[in-house]
C-alpha cells in the first residue's frame, strides 16, 4: 500500500503528528470518519408494535435507515446506512429487543475491500527484506540482546542460515518485575552494529510511547508486543512514525480486534503494518500457547496485509518449533519470526523456546522445498 | 504394535469380551494394574513438623515412598513408587498442604516409553491403506451417506483424487434432535458396496455400544467422535473388537485426557488406535474450531500412535481447508480426513465445510510436493 | 410442565418407547417436526445480481421466504419461515456469500417462549424434594459409594445438615481406565437403602443405555454427566423413561448446545429435566474448572427449566466450595449439588473437592440467610 | 499495608521517582531483589547419569541447591534456595530433561505470606470509602463522562443509592479507532466537580504514562484497565504515585500474572492496590465475558489485597448485572464497580451493560441483606 493511498484513505492524518504523539489526550473532533455500520435487530417473540416502532425510531436517530421484516414468529429490523461514532449496542437494552447482530466488520483500511492486491511491506536492511511478496521473510535472533558478542555471533549465524532480518529485544516486557528487563539503549546500539555488519533489518520491541524516538534511531521495524496490542496510545504513536510496525496479536484478541489494532496504526497514515500471530491462550497445557495457523488463509481472505508466524512464542517449546515453521510456510504465511540462541541453556530469557542456529540452518533445507511447493521462495 | 505386545502389556484382557461388552457394569476386581504414580507435595510456608509427618504417613499408606526436602522457605515431599487405584488428589485437603503436583503421565500402553518405534495401523480395503508409516493416508468422503448414487459417485471421485479410505456417516451425532440423524444400516450397506467397487477402506462413526455388531459387519474402521471421546463404555466396547479405531479428540480434552481415552481402548487388547485432531473450542470466531497443529509433533514425541488431522471439522469453513491440509502434512501428520461433497450447496449435513472432489484433486498436486519435502509420500 | 403439555408439544412421542431405546438406530421418518429457522445471509461487497438471485432461490428451495435488502455497501437477505430438517449452513459456500447468521435458537420445548411459568421438577424421596420452586434444593453426598457404612453415615449427616436429596456414584466415569470405576449394582442397593432410612431422594449417574433398567430400579433421579452431555443415544434413552434427569453441562458446551441436549430428552416426552452447571474449561489454573454463575439468570431468562449449581466440580477445591455455594444461591440458583465426605483424606474419588458434613452444616446457617434475602428458602 | 512496611519490603524504591517515570528505560542494576525460586526438574525415563549430573551442575550455577531423588522409573531433582534474576525455564531444553515444575509463586509483596492481615485500601472522597474492611464498597457511575449535567445527575443518583465512589471515564480505551475516545481533561474537571458536590471518591481510567500528572490532579483512584494489565511502564508509573490503583485483570491473564501486575505497582513503593475482576474471555457467547467469582475466595487465600467485582464488564448485559452483584457480595467480594446510566438507550459507550440508578437503588435492599448474611456491610 503506497503512502498516497494511505493519504487518500485518510486525508486528515497524512502528516506525522509529532506533537499529538506526546499528548495522549484524544481530540474527539478530529476522530476520522467512521465506516458504515449495518446491523440486524432481532425483536423478542411477542414484541409489540409500539416497541418495534420505538426501535425503528432509535435506528433513524443513529442516522441509519430501518427495514422492518415481520416473520411468522418474530420481527427483525435491518438497519442500513452510514453513521459516525454512534453506539448501536445500546439498542440491546431497549424493551422488546432480543439481540443485535452487526453485519459488517468495523475496520476499513486494513480490509481487503479497500485494497484488493496484497501489500508488500519493506523491512529495511540491505538484503531486500520484505513481507507480503513471493519471498517468505525469515526474521531470527535471540529473545533478548544479552551482550555484544552474543548478538553479533548470532546475527552472523542466522544470516548464514538464510535470515534477512534480525530480532532481539532491548526492552523486554516481563511478567515479573524481578526478571531481566533488557539492556535498553545499549542493546539498541548493538543491534544497529549488527545491521551494519550483516545487512540484516533490525526488528525490536517498543513498549512505551516515550521510547519511540530512541528506538526509531536504531531499529528498522518497531515490534508491538502481544501485551500491548490494545495499548492504543502506543498504536497511535507508532502510526505517527513511518517505520514498519510488526503488530503481534494479543493472547486472547479476536481476529476483529487484531484488525482494529492494525486500523489504529493505519488510521494515522502509516500503511506499513505486518501482522504477527504468536499463539493464543487456551486450556491446552502441552504448549505454552496454541498456534492457530488457520488465521493465515483467513487474514489473506479479509485483508491485504502480510501475516508472519512466531512459532517460538506460539508453542513455547523448542522441540515443537521446526515442525510449526514447516506448517506455517505450507499454510501460506508471509514470514517467520523465530527465537534462535547459541546457548539456550544459558539464555537470559526464553531459553526453553529458542532453537540453535544449527537447527535453523538444517530446517531451512526443508522450508525451501515447502516454499517451492506452495509457489513461494524463502 | 503387535497383538502379542498388547497381550504382554495387558495379559488379563487378551480375548475379545463379547459378554462384558453387553454389561457396562465394571468389575473392579479385574481392573488392569495401574502404572506408577509419583508426585510432589508442596507444603505451605510455616507448615508444622506434625503436618509434614502426617503427609509422609499418608504417602506411605498409598504404598509410596516419601522423601522430605526442607528448603529455606518451604518443605516439599516427593512421593515415589508404585500404587494401585489410590487417589492422591486427596492429599490436597490435608492441613498444611499447599498443592500436589503429579510427576508422571497416567497412561502407559499409548506411551512412547513402552514402545519406541512408531505404530503402523492398517485401515483395511484393498489399496493398502494404513496410518503411521511413510505414506500419509488420505481419508475422504461426504459427512453423511445421503443416497446410493451420491456415495458411489463420491467414492470414485475421491479415489481418483488419491484417497485410500472413504469416510461417510450412517449414524450422525447432531446437536439438534430435529436434524437429519443419518441413514442407519441402509447407509452402512451403501458404504460396503462402495468398498467393493473401489477398494477404499470404509471409515464410519459408531455412536453407541449396541451399534457395534452392526457397524463391524460393514465397516473397516470404527470412528469414535469428539462428543464420545469420554464415553467410556463405548471406548471399552470398541476396545473389545479387533477393528481399527479412529479416535477423535474432544473439543476441550487435554492431550492427557486424549491419551487416556486411547488407553481405555488399548487396555482391552485392541492396539489399532489412530488418533485424530479435529480442532478445539476457543474464543475464536472466524473458524468453527481452532486447529492446533502443534499436537502433531507432540504426539509423535510422547506416543507411538499415528495422528491424523481433520481440517474440515478443524476449521468449519471450506475456504480454510486446503491450506490446513498443506500445513498438516508439513507438520508431520500421518494422515488427513476430509469432508468432500459433489454438491456442497445441497449437502444434508456440514455443507459449509465440505470441499469438492475437484478441489481435492487440485490440492493433491501440492500435497505430494510437501510430503516429499518432509520425507513422506501421499 | 405437565405431561399433557409434553404430549401436546410432541404428540408423536408420548409413550415411553422401551423398544426404540434398545435400538439406537434412528428412524428418520419419525423425527419430530423441526422448529422455524430464520436467518440472515450477508452477501460479499460487490456480489453480483445473479449471485443474489441464486441465494434467494436456494432459500426458497429450503421452504423459506426471502427478503432482499440492498444497503449502500452490501446486500443482506433475510430468510423467514418454516422448514424441516434442512441445512442452511450450506449457503455459506455459495459464491458471493460472506456469512450466514441464524436468527433464532433451535430449541423449543426447553424454551421460555413455549412455557412462561417456571417448571417445578420433583426429585423423589419422602422429604418433598423438588427444583424450580421457592425452595432451593440441596443435593449432597459422596462422589462415589464406597461402602455401606460410609454411605449410610454420610446420608444421615447430610440430611441433618438440611439436604433433601443424596448424591453418590455407583458407576463412575473416570479419566483413567485404571482408576476406581464404582461399585455398580451393589452401590445402587446401598443408595436405595439410604433412601429408605432417611427419605432422601437418590441422585446417581447413568453412563450407558444398558444401565437404564438397573438404575431406574433403585434411583429417583438419573444424572447424565458432563462427558455424556452429547451422548445422544443416552439422552434419548433417559427421555424414554419418566424419571427426573439431572443434565450436567459439558465442559465446553455452549448454552445453546446445553439447551439442545435438554431438548433431546424432552423431545421423547420426558419433561422432568433439571439443568446443572458444573464449570467450564478455560485457561484458568487456580481452579479445576471455571464456574460461570451468570448462566443462572440467563437460563431463567430463556428457559422454564430449573438450574442447579455444582460448586464441587465447578471449582475442584474444597476451600472454594462454601463461598461458591453462597454465590450460587444469591445468583438465584434453584439448587446445589455438593460433594460431601466424612474423611476426604481417604476418599476413593474426588477427595480434593469434597467438604465435610460439618462444614456443610455450618455453611447452611449462612445459606438460609442469603436464600431469605433473595426471597427463597433452603 | 503501611508505607513503612512497603519501605521495609522494598527499601530501594521508597520515594516517588518522578524522573524515572519519564524514562521508561529500565535500570537493570536497580532491579529489586527477586524472591526465592524453587523448582522440580523431572528427568526423562532412561536419562543417563551424565545428564543428571549436568542438570545438577546447572542448578548450582543458578545459585540453588540440588537434591537428586531416584525413583523406580524416573529421577527428579529438587532445586532449593535463593536466586536473582536467573532463568530456570532454560533447563527444559537440556538433554534428558522431561519437564520443569516451579514450586513457588513468583510474587511476594502482594502475597499473604508477607502480610497475614487483610489490607484496607482507602479510596478517597469524604464518605470514608475504602476496600478490604468490613464494609463492601460500591463504586458506580457511567462508563464515560459525556457531559456536565449527565455526570452530576448520575453522581447524585448513585450516591442516593448508596455508592461511596463514582466511576466515569475521561480517557476511553476503544477497540475501534473510530469510536468515541472520551472527553479528556474536560471530563476530569467534571468528575472533580462531582466529588466536590457529593463527597464521592473519583475513580477514573488512566491509559498512558503521560496522562499521570493530569489524572492525579483530579482523580482519587487511578484505574488501570484490562487491556493495560501488562503495560509494564504504566504499572511502574502508577507505582511511583501514592494514589490508590484499581487494577483490572486482563481478559486472559492467569491469576499469577494478575498478582505479578500488582507486584509491579507495589515494587515501586505504592501499597494501595485494589484488584478488580472484570470477566475473562472464554468460548461462551451468551455473555460478553465469563465472570469467574471463585477468584474472590482464592485471592483472599493467597493475598492480603482487596478484590472488587465488575459485573457490568463481567457479563456485558444489563439483565445479568443485578444477580451477579448479589453473587459477588455473597462470595465475599470487597466491593462492586458498576456501570450506571440514566438513559442507557442513548449512552455514548457501553449502554448494553449499564443499569439505571433506579435499578441500582432497588437492588441495594437485597445487597444489604446478603452483606449481613456474610458478616459484611454495604
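Order of writing sets the labels: A, B, C and D. Residues in every chain begin at 1.
The rule is short, and it goes like this: a contact is a pair of C-beta atoms (placed from the backbone, for glycine too) under 8 Å apart; a residue touches a chain by one contact, two chains touch by 3 or more.
Being a predicted model, the structure only gives us computed values, none of them experimental.
S.K.: Which neighbours does chain C have in common with chain D?
M.R.: For chain C paired with chain D, the chains in contact with each are A, B, in label order.
S.K.: Looking at A-C and B-C, which pair shares more C-beta contacts?
M.R.: Answer by contact count: B-C.
S.K.: Farthest from chain D by Cα centre, which chain is it? Let me know.
M.R.: Result for max centroid distance from chain D is chain B.
S.K.: So if I superpose chain B on chain D by CA, what angle comes out, to the nearest 5°?
M.R.: 180
S.K.: Quick one: chain A and chain C, Cα centre-to-centre, how many Å?
M.R.: Distance between chain centres, rounded to whole Å: 40 Å.
S.K.: Please work out the Cα centroid separation of chain B and chain C, and write it as a whole number of Å.
M.R.: 26
S.K.: Could you check chain C for residues that touch two or more other chains and list them?
M.R.: In chain C, 252, 281-283 touch at least two other chains.
S.K.: Could you please specify the touching residues of chain D with respect to chain C in the complex?
M.R.: 252, 254-256, 280, 282-287, 290-298, 301, 314-315, 319-320, 323-324, 326-332, 366, 369-370, 372-374
S.K.: Over in the complex, which chain C residues touch chain B? Could you list them?
M.R.: 22-28, 31-35, 58, 85, 87, 89-94, 106-107, 171, 173-185, 207-211, 214, 227-228, 230-233, 236, 250-252, 257, 260, 263-264, 267, 281, 317-318, 344-352, 354
S.K.: State the interface residues of chain A toward chain C in the complex, per the touch definition above.
M.R.: Per the touch definition, chain A meets chain C at residues 36, 38, 40, 42, 45, 67, 69, 71-74, 76, 78, 80-82, 101, 103-104, 113, 281-283.
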